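Encoded as structure tokens, here's the structure I'll be asking about.
Order of writing sets the chain letters: A, B, C and D. Residues in each chain are counted from 1.
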Amino acid sequence: MAATRTDSRSLELIGFALIALLIMVVLPLMLDIFRLNLVGKYLTYAFVAVGLVLCWGHTGILSLGQGVFFGLGGYCMAAFLKLEASSVENTRIQSTPGIPDFMDWNQLTELPFFWVPFKSLPFALIAVVAVPAIAAFILGAAMFKRRVGGVYFAIITQALASVLTILIIGRQGYTGGINGITDLRTLLGWDIRTDNAKYILYFVCCFLLLGIMLLARFVLASKLGRILVATRDQEDRVRFSGYDVANFKIFVFCLASAMAAIGGAMFALQVGFMSPSFVGIVPSIEMVIFCAVGGRHSLVGAVVGTLVVNWGKTLFSESFPELWLFAMGGLFIAVVLAFPRGLAGLVTDQLIPRLPHWRGWTHRQPSPAPAE
Amino acid sequence: MASDTDFLLALENVSVSFDGFKAVNGLNLYIDTGELRVIIGPNGAGKTTVLDLICGRTRVSEGSIKFKNQEITGRKEQEIVRLGIGRKFQTPTIYEDLTVFENLELSLPRGRSVVGALFWKRADEVIQRVHEIAATVFLADHVDRLAATLSHGQKQWLEIGMLLIQDPELLMLDEPVAGMSVSERAKTAELLNQIIKNRSVVVIEHDMKFVESIAHRVTVLHQGKVLAEGNMQRVQSDPKVKEVYLGH
Amino acid sequence: MFGEYSLGELGSILVMQGFAGLILFSVFLLMALGLAIIFGQMGVINMAHGEFMILGAYMTYLCSHLFEAYLPSLYGGYFFAAMIIAFLAAGALGLLVEWALVRRLYARPLDTLLATWGLSLIMQQAFRSTFGAREVGVELPQWMMGSLNVTGSIEVQINGLFVMGLTLLITAAVAVLLFKSKWGLQVRAVVANRTMSGAVGIDTRRIDRLTFGLGCGIAGVAGSAFTMIGSTGPTAGQLYIVDTFLVVVFGGAQSLLGTVASALSISQSQSALEFFLTGSMAKVLTLLMVIGLLMLRPQGLFVLKVRR
Amino acid sequence: MSPRKPPFRLATPSRRQLLAGAAALSAAAFLPQRALADFPTAQVNTTGLAVTDADVTVGILHSVTGTMAISETGSVEAEKLAIEQINAQGGVLGRKVKFIQEDGASDWPTFAEKAKKLLVNDKVASVMGCWTSASRKAVLPVFEQYNGMLYYPTFYEGLEASKNVIYTGQEATQQIIAGLNWVQKEKNAKTFYLLGSDYIWPRTSNKIARKHIENFLKLKVVGEEYFPLGHTQFNSVINKMKLTKPDVIYAIIVGGSNVAFYKQLKAAGVDLTKQTLMTISVTEDEILGIGGENIVGGYACMKYFESLDNTNNKSFVAAFKKMWGDNIVIGDVTQAAYLGPWLWKLTVEKAGSFDIDKVSGASPGVEFKGAPEGYVRIHENHHLWSKTRVGRARADGQYDLIYETADLMEPDPFPKGYQ
């Protein structure tokens, strides 16, 4: 390992600053609002990828069902926006005015009880984080206390993604079904569809993402972060050091899920709808791909990976749609086989050691010496 | 069932079976405070399984294990650790992606809850304690190295250090000198003799020379049962032991 | 619910429903068998399993056209040739994939899962580029269609019987291979202790490769058989993955019997639920039940207790 | 599959395509030819659309990749054919029609993005596109916000009418009611078993069917059941149907499930030449995957079959196969997609302008006499008046026309009494 940990810490700071510069300054200056809105959408996936860095990269828990939490967050947000868009005058033509259009089509004559609280924005915002976190807690507690892990955990989360998709599609009177919750318009009277609003939402999304990265950074830099790494490498030893490993896993899984959920909520705000196609197996695995490509150990890498893969997807599908799946599959295999540390690993392991000045540029800080 | 006991650790009538095979069969074992006990026995005698049973990694099928006269069967590993039992594994089990300092810091018996770990502060006394222990296990000059870069012997020492910093009343070591060079063995023996002063230690070992250099009492296991017990000399002269273990 | 039907009608429906459950069981087992072998050997899930099945299905499609064009007189028997070709094609690809991909990842089972997902994307697009995006219709010989009249009101599907027979045959063959052949002995040795097996002269790499190839080959046969009951298209493999993975994981690694029992219990509960609920709810309930049970028995239902 | 297309292509017809265009010329020769000079650009394009003196740009927005590519390919082909033919006739208001094709990639936000790109960046004069309801729902707010025209080809559940969309396929009541009336009369049906994939279109359609069966025909529904998309095991429901013995199985199953359903039905000994089965989800395209031998005898109720015997259709089928190959079959949606560019052209020429508002306003009443399905006309609610037909599946994958309504069915996307 060429770079020491202190090197990689200062590297991470530099990377963090570069990312902030890129998404807050460079991209808004370079791109028109249409493309920028696209970037905003990609960044919502980066929330999931950052969460995956925590729970997969550092703790070794591979969840193939992060779409579930992304979706729950997105649906909570969309529920509020949809209720606001379904005011009585907007929905005069319905047989029951004042309820969302899809409920009317499904012969619901009043708002289901679990929709009612979503009329309140504070409730909706809390629910965005709380609902997925509670779901993750229940799942995590059941699994990690019983020491389910590895492939088993991956497959079970995948099956859950499948269950939730079937439920959302099947209970369309309550969920909007396969079409999802569409035509979201305003947030407390503020039209979220205008270019202006899209700019503002984009920056809100950036701020939140950077905030979440800082939070993740804080967690990873704390002793808890080291316990997570320790758990990944030697779970038994952590247990024999007196830690309740399951609690730490539950914590990080809930945290990652809450992050995914915030991403989902920002997605609903920026894209203007939410549908089950972001809940299922395929999007869940794609989000793992973003994280893997960027580097599963690196927060900055995860964001870059998300941007690169999505940018590639847009580019490829515009120019060579036939080749897209080949490229995506090939990229994925290449990353797993040749660069398991992803783009971030390429930078720290390959690029940096070759820069002649690097070693003089940062100096290793020794860990604290004992006070005499 | 089991009676009250003055022993630090008491295993009474302990059995465990894996799919019909009795790996440990009606075992009785008593460890005194301050005692260093070496468990020897041929491969498959159930040595490691005994340690697994004590520290809760494997559930006993029947029998009782008491630590400080407190039943510990059925408790979780981390609870047993918190009662004061430390365990070293056969192969060095350390956190390779962390530095020596961090390895030791994590093993310090404080900030073990999620919240405690999240808001953990490296107080001066923590730093001091870590350096102290690092010096004890001959790693004073290596605290900032990634554990992965240590030699095999150093890794074994680090793991012992990680146990020491927990300050357990009972320390269980599974082949602590496996894979060590001659000089490392000598140092390890010295280390063990030093750290057993204020605690009880159970060691599993194959290396007879090493055993002789440290042992107070030796227990010989065979087919999940105690075959012989006593000081090294007595055990070595026991014909039963010679037959199953030392004889060839 | 059933008050208006005569006892005789209900009885024959019960028999047919039991038979439907058995067919479902055979289908699940056939789907899962190849995957289970690989999972047992390497502890990893091959995410491209569904695509290997579809490869087998496309081979069957090609075969039916070849026979139609060149050997019309033997058309009735083309299906047998197709299954052999499907086995060989999927198996050969499996060997190749093991050599190029999987063997480099044995130390990282979760990464194998991801790499094989990448493989599944590539295979899907390859199918699309080769055979077109639309589903292809695989025509079956006449004798395989329709059903047998057991009594006046009880009918059993011929292709259902065929799938059951095939499943029985393949399961038996796998069991014989595993427990009677030298290869099986070596496989079991490698599963039990990889390092030691290597030390005593077993070529573990060869065993891995053969196992992976065999697993993929069986997937190919399964895919071939499923042209009788399902669709053949570039993305059809995805239809099977959740069910297949759950059967295997539910059964637990390292246990052929576990896979059989798991396929049996999942198929029977789904089949029974389907009869009383709608298809959608039956599916959801079955999945949730399996997930719930897995939490109670984390290492799968049928795993022996061993020293870790 | 055709080789990859550059995203931006000037539609210069090849010789082969010219021939195809010529075939359509005869069919559409009666349409009035308008000269460029009569319509200066400044006058016909007041809102800054991509219209020049020489050409006008439209968008094609379908999935070329992903799971929906299977279904949407035919629509893309039909739309390209229609554009070639329109150009061969001299274009629209004397301008050549160019198209920009975007891939929705079977992903609904991608559809919304690409729709926005077509409208905002490319300023296309209209878009032919979408296939699933979900993709249409995703792009609808975009078309309404940026004021574009969408020509949507798929038969769908209704419950929608937008000034920015022309629905060239049938909505649910058009497809369902005539078929049920026919089956009651011709097959003397008394009991029905309703099946569907579990999402909005089958559920809404079955709801309409149930209301019609129970409230208007006064007959009985003996079972109704839904399966997750992609479900492949139907033996249980087949047993239930054997128990309840419905006169008519009414099936709205889609995608890969379809194939499994019909194969298992046949294997279970349900002979569709004896057991009446009616579907509204199986076009000739789907039969390719199911296999004609598995569905022979089943009835489909929709507005178009490739086998329709009229001159419009014969030249359309010939031109289509010339352009895209003899092996291709043409289903209901493909034909409806073909109507899109033509209806747009006719509407623009009626309005004398490319402006979206004028096109939208001029749409009601536009009639297309050259439609392969016969005559169609745009209703006030932007759906099409069209005939409904019942076909019986043949073993070769085509349908025999059994019945067609005497009059055009009125589109009724918000049917009273059916909700």
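Heads up, the rule we're going with is that a residue touches a chain if its C-beta (ideal position, glycine included) is under 8 Å from a C-beta of that chain, and two chains touch if they have at least 3 such contacts.
Quantities reported herein were computed from a predicted structural model and do not represent experimental measurements.
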Winner on C-beta contact pairs when A-B is weighed against C-D: C-D
Reference chain B; chain at largest CA-centroid distance: D
Centroid distance [mean C-alpha coordinates] between chain B and chain A, Å: 43
Centroid spacing, where centroids are CA-atom means, of chain B and chain C in whole angstrom: 47
Distance from chain D to chain C - Cα centre to Cα centre, in angstrom: 37
Distance from chain D to chain B - Cα centre to Cα centre, in angstrom: 75
Residues of chain B whose C-beta touches two or more other chains: 57
Residues of chain A engaged with two or more neighbouring chains: 166, 170, 322-325
Junction residues of chain C - those touching two or more other chains: 128-129, 238, 280, 283
Contacting residues of chain B [partner chain A, same complex]: 55, 57, 76-78, 81-82, 86-87, 89, 93-99, 101-102, 105-107, 109, 111-114, 117-120, 122, 124, 127-128, 130-132, 143-144, 146, 148, 159, 162, 166
Residue numbers on chain C that touch chain A, as the complex places them: 39, 43-45, 101, 104-105, 108-111, 113-115, 117-122, 124-126, 128-129, 238, 241-242, 245-246, 249, 280-281, 283-284, 287-288, 290-291, 294-296, 298-300
Chain C contact footprint on chain D (complex, rising order): 1, 67, 69-70, 73, 198, 225-228, 230-233, 235-240, 242-243, 255-260, 263-264, 266-269, 285, 287-294
Sites on chain C touched by chain D in the complex: 2, 5, 9-10, 13, 16-17, 20, 23-24, 27, 128-129, 132-139, 145-147, 155, 157-160, 228-236, 238-240, 270-271, 274-275, 278-280, 282-283
Residues of chain D defined as touching chain A within the complex: 1, 4, 6-7, 64-65, 102-103, 105, 107-110, 112-113, 116-117, 120-121, 132-134, 137-138, 140-141, 145, 159, 198-200, 203-204, 226, 228-229, 414, 419
